[in-house]
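For reference, chains read A, B, C and D in written order, and residue numbers begin at 1 within each chain.
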Amino acid sequence: MEINTHSKSLVKKFRDVRARSEEICRPLEIEDYVVQPIVDVSPPKWHLGHTTWFFETFILVPNFPLYEVFDPQYNFVFNSYYETIGARVIRTHRGNLSRPSVSDVYRYRKYVDEKMNEFLDSHYMKDAIAPLLELGLNHEQQHQELLITDIKYILGHNPLFPAYKKDSMQAEKAVKEKRMLRFSEGIYEIGFDGLGFCFDNEMTKHKVYLNDFAISSQLVTNGEYLEFMEAGGYSDFRYWHADGWNWVKENNALSPLYWHKIDGTWMYYSLGGLQEVDLNEELCHVNFYEASAYAAWKAMRLPTEQEWEAASSAFSWGKRWEWTNSAYLPYPDFKKEPGAVGEYNGKFMVNQMVLRGASVATPPGHSRNTYRNFFQPDLKWQFTGIRLAK
Amino acid sequence: MEINTHSKSLVKKFRDVRARSEEICRPLEIEDYVVQPIVDVSPPKWHLGHTTWFFETFILVPNFPLYEVFDPQYNFVFNSYYETIGARVIRTHRGNLSRPSVSDVYRYRKYVDEKMNEFLDSHYMKDAIAPLLELGLNHEQQHQELLITDIKYILGHNPLFPAYKKDSMQAEKAVKEKRMLRFSEGIYEIGFDGLGFCFDNEMTKHKVYLNDFAISSQLVTNGEYLEFMEAGGYSDFRYWHADGWNWVKENNALSPLYWHKIDGTWMYYSLGGLQEVDLNEELCHVNFYEASAYAAWKAMRLPTEQEWEAASSAFSWGKRWEWTNSAYLPYPDFKKEPGAVGEYNGKFMVNQMVLRGASVATPPGHSRNTYRNFFQPDLKWQFTGIRLAK
Amino acid sequence: MEINTHSKSLVKKFRDVRARSEEICRPLEIEDYVVQPIVDVSPPKWHLGHTTWFFETFILVPNFPLYEVFDPQYNFVFNSYYETIGARVIRTHRGNLSRPSVSDVYRYRKYVDEKMNEFLDSHYMKDAIAPLLELGLNHEQQHQELLITDIKYILGHNPLFPAYKKDSMQAEKAVKEKRMLRFSEGIYEIGFDGLGFCFDNEMTKHKVYLNDFAISSQLVTNGEYLEFMEAGGYSDFRYWHADGWNWVKENNALSPLYWHKIDGTWMYYSLGGLQEVDLNEELCHVNFYEASAYAAWKAMRLPTEQEWEAASSAFSWGKRWEWTNSAYLPYPDFKKEPGAVGEYNGKFMVNQMVLRGASVATPPGHSRNTYRNFFQPDLKWQFTGIRLAK
Amino acid sequence: MEINTHSKSLVKKFRDVRARSEEICRPLEIEDYVVQPIVDVSPPKWHLGHTTWFFETFILVPNFPLYEVFDPQYNFVFNSYYETIGARVIRTHRGNLSRPSVSDVYRYRKYVDEKMNEFLDSHYMKDAIAPLLELGLNHEQQHQELLITDIKYILGHNPLFPAYKKDSMQAEKAVKEKRMLRFSEGIYEIGFDGLGFCFDNEMTKHKVYLNDFAISSQLVTNGEYLEFMEAGGYSDFRYWHADGWNWVKENNALSPLYWHKIDGTWMYYSLGGLQEVDLNEELCHVNFYEASAYAAWKAMRLPTEQEWEAASSAFSWGKRWEWTNSAYLPYPDFKKEPGAVGEYNGKFMVNQMVLRGASVATPPGHSRNTYRNFFQPDLKWQFTGIRLAK
């Protein structure tokens, strides 16, 4: 029967996704779960609790009469930006919370997972709930990527530079031919219109008119970016947005994140530890201002998100989130869902730039060429890179 | 001869524009020329000096061999954001500078105007210089609007609420029928392609594909916005962007700028002084967050700048700068000019939203339906308003 | 032989003091060792490492040729404010450091303790080193008090309000008669002049001339302070220093630290957990501004540190650090030691107020009536209280 | 008759003091009256209005039934820190207020002066009011010194470096023999106990016990301080308080205020304009941190305020406010006056350091060897200097 099949595949997906979050955290010490070095980075235990809280709050509590909340205080602790749910007793900061302990959080996950399994096998699980379950799983996959970027930030800003995993995510570095792929002026269709899950911000599919454009078949490499650095790119305001130039001066910016010049050699903190910068590797950890300045120095530009999507089948992507020159704004027929779930995307549609593609930290099966990632233009702790256009 | 005619009309335009800046300042006390209450507002004497410095620096110095700089120190004082020109001895703040005095600034204007008149009559004035002169005049017209908005801010934030002019800019308030104007899906052409002056950011004319949309024939009135306020619009996060909601809370925002509830009555500081809010007048002095929240409360939205431009011949505009839901980004074939003049527009193309139309403070002859104004989403000291779309 | 005896008692003191720091941390979860909620509070593992680093850096490295540094990186991590020693690779924040892990820190302690024991038994241990060893032990005792106050802050600012120990530090609350003890005008002698250890800031003993004064035999209780709160003390600027009043307004201050009004009842977070405020208990966790305002409301004042010391044998003290109205300044013959050890006290002699006595968190044997504690006037996470004078 | 005589001399003093404030402002342009470059500096027109408001509010309104307030709004504008009086409509900043205009302020002064003259001649003027009038005049004299220091700051931070007066305050620079004056241990009497006016903070006269001390007969000169600068004083933390060292680093401090190294020469902005630093002149415009660091570098110290007062008849003083190593605290029998006048001094008795003496900017007749000036330790826009002790 259709529903059962669907349900079974969902049950399997639920188990896989939930297990992968814990798998990502396996190399951590307990202490690594707790700290929050900057406001954008969350403690790993918070990610583990928050993704669990999502299933408890949005699936179990409203739909499973047998469910008892694990701990009513956890709503304050693991709620993120959902203004609809709850208030706070003590104004605090995720990185100040030593409790609940890591083992409490794992007990919380175990409890909710067991109840979810009971629920998914029960008659309370209705077809109408499936989309919300899908959302919860995609939500957890987004946090899996954040888990990796945040763990990297925590370990990479420790003066001992501990490795996460010695062999972590060594991508093949086949040097490929770089060329400009050309596309002709005309109407293109943009947005999601297939089967399966997508976020609300990818809808609805709509027509756009694009001018002639060209886009690179390859991402910018460390070696290419180093030329920009050595040519004085960080000290010449002409390549920068006004806000970008202010960012350079206020932060005394000189290089991508995780680059350290030690005894005359550029070193890079990867999840495997500190190592020499590999000039042939795709550049990583630049922000929008740096990506734009690099493009300006090359007398080129970043693609728009529409150009990127229209061209995406012509190049390989997925190693870096690629900055576009598109602000994060609603598609023509975008509709915000009512209630707390509607806070998911729409309320961020100002002051952020779109990134397209996926990265080495993105969970398998969690990428699409219509996927719209978005961050403020000064952030660079995600696995971000540059693809040029003109 | 073509050139002479052109030149004559430019000479006349030069005199008119320059005179109008001083005309705007006539009602001021000397003290009003000096202060800078917030970083976005400049002292009026700075506007008068800065617009003069533009002609001195970009027209006279490079093109008129007979010219002697009025005071070499003025480059530090009246330079604005042009990173290419000059450095600073003392880091200071426009609102801290009591000198040059107001009479010094008027002497500076007089000196540069006389030299400009000599120059424009001389053989040094070449056709190739005309576009830069046009830019200088349009630049001064932009500062004329800022002069009015900044004077309003300075006087409107003084506890004595002094009037600027008793009869200033009383617009006719004919209550007109409001209706939604409908436009059909298809390709539209956007951008400037006529004769005469435009800014670089309006070019080049290009095709866009728009979905069906509807746009209001009228601006939102004070009375309509008051309904939103009284319905609790400022205390319900659901209508706000996340950044907008933070802005509301940090600033304890409760009303448009210049509104004061005194003894139970909403009062408004206009350039004529403090007066009761006129419910039929077009709403003024809201920021992008407020405009968006109002639209969300009405279950509508702001138009994009492309929709606005495509529809603009179907409604009357010009009383308020109208917030659009478009981020300020380059048009497909936008080219940044080389040198300091190229810093004019392109470097601001991040983190700002586009406003379309013009306002009661815009100089006559300085508006076009392709004009792209832009400000950060939290600013509201310009004469800004709301036109709804869906 | 004199030296051996001395050395033996030092060896015993070394073991006792070092063991007590670990004893204090026994009730903690690993996560509790890591966080830093405010800049004044350090993570417990940092205290454990820093006190160890002191012995390594100032005793073992310069005096014990057989010693090998445990980990050269630890100098960056566990150095505190000693400008003389080392520089930093990465600018960081104690609360961001998940590594070294808690077990690493305990291994570090064990290693240094073993080497110290070897050293103390060896011929390298000279008499001349004893004072520095004494300083190291007193330094660790100071950090033992900070361990308790910081643990309280970490747990007391967690929305789960976990208890540290259920029976922790329940002081006897004998209600005693309160009266004003009177002292006559004249010359008194102030400062340390005995045998045994004292800090450099307690020297040298010197004469002061005091007017007639009276000082309370008892500390202010919670009940007495609650009267001040209920009489509107926090909303009447007349009782406050100008800086204190700014502090009240900026922090919206309404009560001592750790007080929470829940369902109409004043609750207090003690190390045993959240409990009702005990009106007969000595008030705790007020800052200098609050202490001064309370005194002003009672039409009295705080004692000076000279009055406190002169009168100290006439009352019992030791439950609360008692704010005085004396700024932390050098005694007439104060001499700053050369080198890093000289940074211990003298460089803080500005912008801080003196507290006298000791508290329930002070290690046994670590108090004297000449002891000068000092903190900025806005801080109140120490176990601070009020004794009135006039 | 006694009262009349007293009254007549007060009338004369009133006229003289009031005239002198306007005399100080005579060289100013209108624009100079308006700006406020930093929070510690007030616009000159504010000083003129505020001192006038004092007489209106504390003398005329409560005592002269015939008096009509000049403008009730001025209470918001010219009130300073008196929490007792008034509230605010608009939160603003003195440097943002272009109105009341300078001519309005002079009209206000003229109006109040006329009414004061009427009042002083009337039977409403009672003996009991004389102390408050004295306070008002001394208050205005304090603001006369601030007028000079604030005008210097305004003009000295303008890139045009305009002179205030070409011949302003050129003190004789007789190089005198410098020696250490010695004083013996014992009881000294400190505080005001004479006839005539003093501030409440100078009372009451009381005994202190001082150790042997020595104090320099001369102030430190520019040349001596330059040696400290050239010896690397600003880059060696050992000479600085911890807070002082933070101040150095945050402000990148390298020299006294108003010193500019131009083409290799140290220049100094005096009220006569920019000129070369005179090595024999008494050092001016250092803060407490700099004064302390200089003393530490000389292996000496700053005197306490008690030492200074005890020794003051043995040296000449009055050119610089001399930093002491005494925190600003109440004398043993200090009593705060009730009401707004009581806010004058007592509420500042925390977080500030005492300066003794007077300066070239102090009004004639406004200095005493018991006078206690006080400022935060990081401020240096007053005419401050250094006298060493040991």
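Rule of thumb we're sticking to: a residue touches a chain if its C-beta (ideal position, glycine included) is under 8 Å from a C-beta of that chain, and two chains touch if they have at least 3 such contacts.
It should be emphasised that the depicted structure is a prediction, and the values quoted were computed from it without experimental measurement.
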Starting at subunit B, figure out the least number of steps needed to reach subunit C through touching chains.
2
Set of chains whose contacts include both subunit C and subunit A
none
Where the centre means the average of the CA atoms, what chain is farthest from subunit A?
D
Just curious, how far off is subunit D from subunit B if you go by their C-alpha centres, in Å?
44
Which integer distance in Å separates the CA centroid of subunit C from that of subunit D?
37
Using CA atom averages as chain centres, what separation in Å is found between subunit A and subunit D?
58
Name the residues of subunit D that each touch 2 or more other chains.
none
Contact pairs between chains, per stated definition:
A-B, A-C, B-D, C-D
Within their complex, state which residues of subunit C touch subunit D.
81, 83-84, 185, 187, 206-211, 213, 237-238, 240-245, 288-289, 292, 301, 325-327, 329-330, 332-333, 347-351, 353, 377
So in the complex, the part of subunit B that touches subunit D is made up of which residues?
29-37, 45, 73, 76-77, 88-90, 92-93, 95-102, 154-155, 157-160, 162, 260
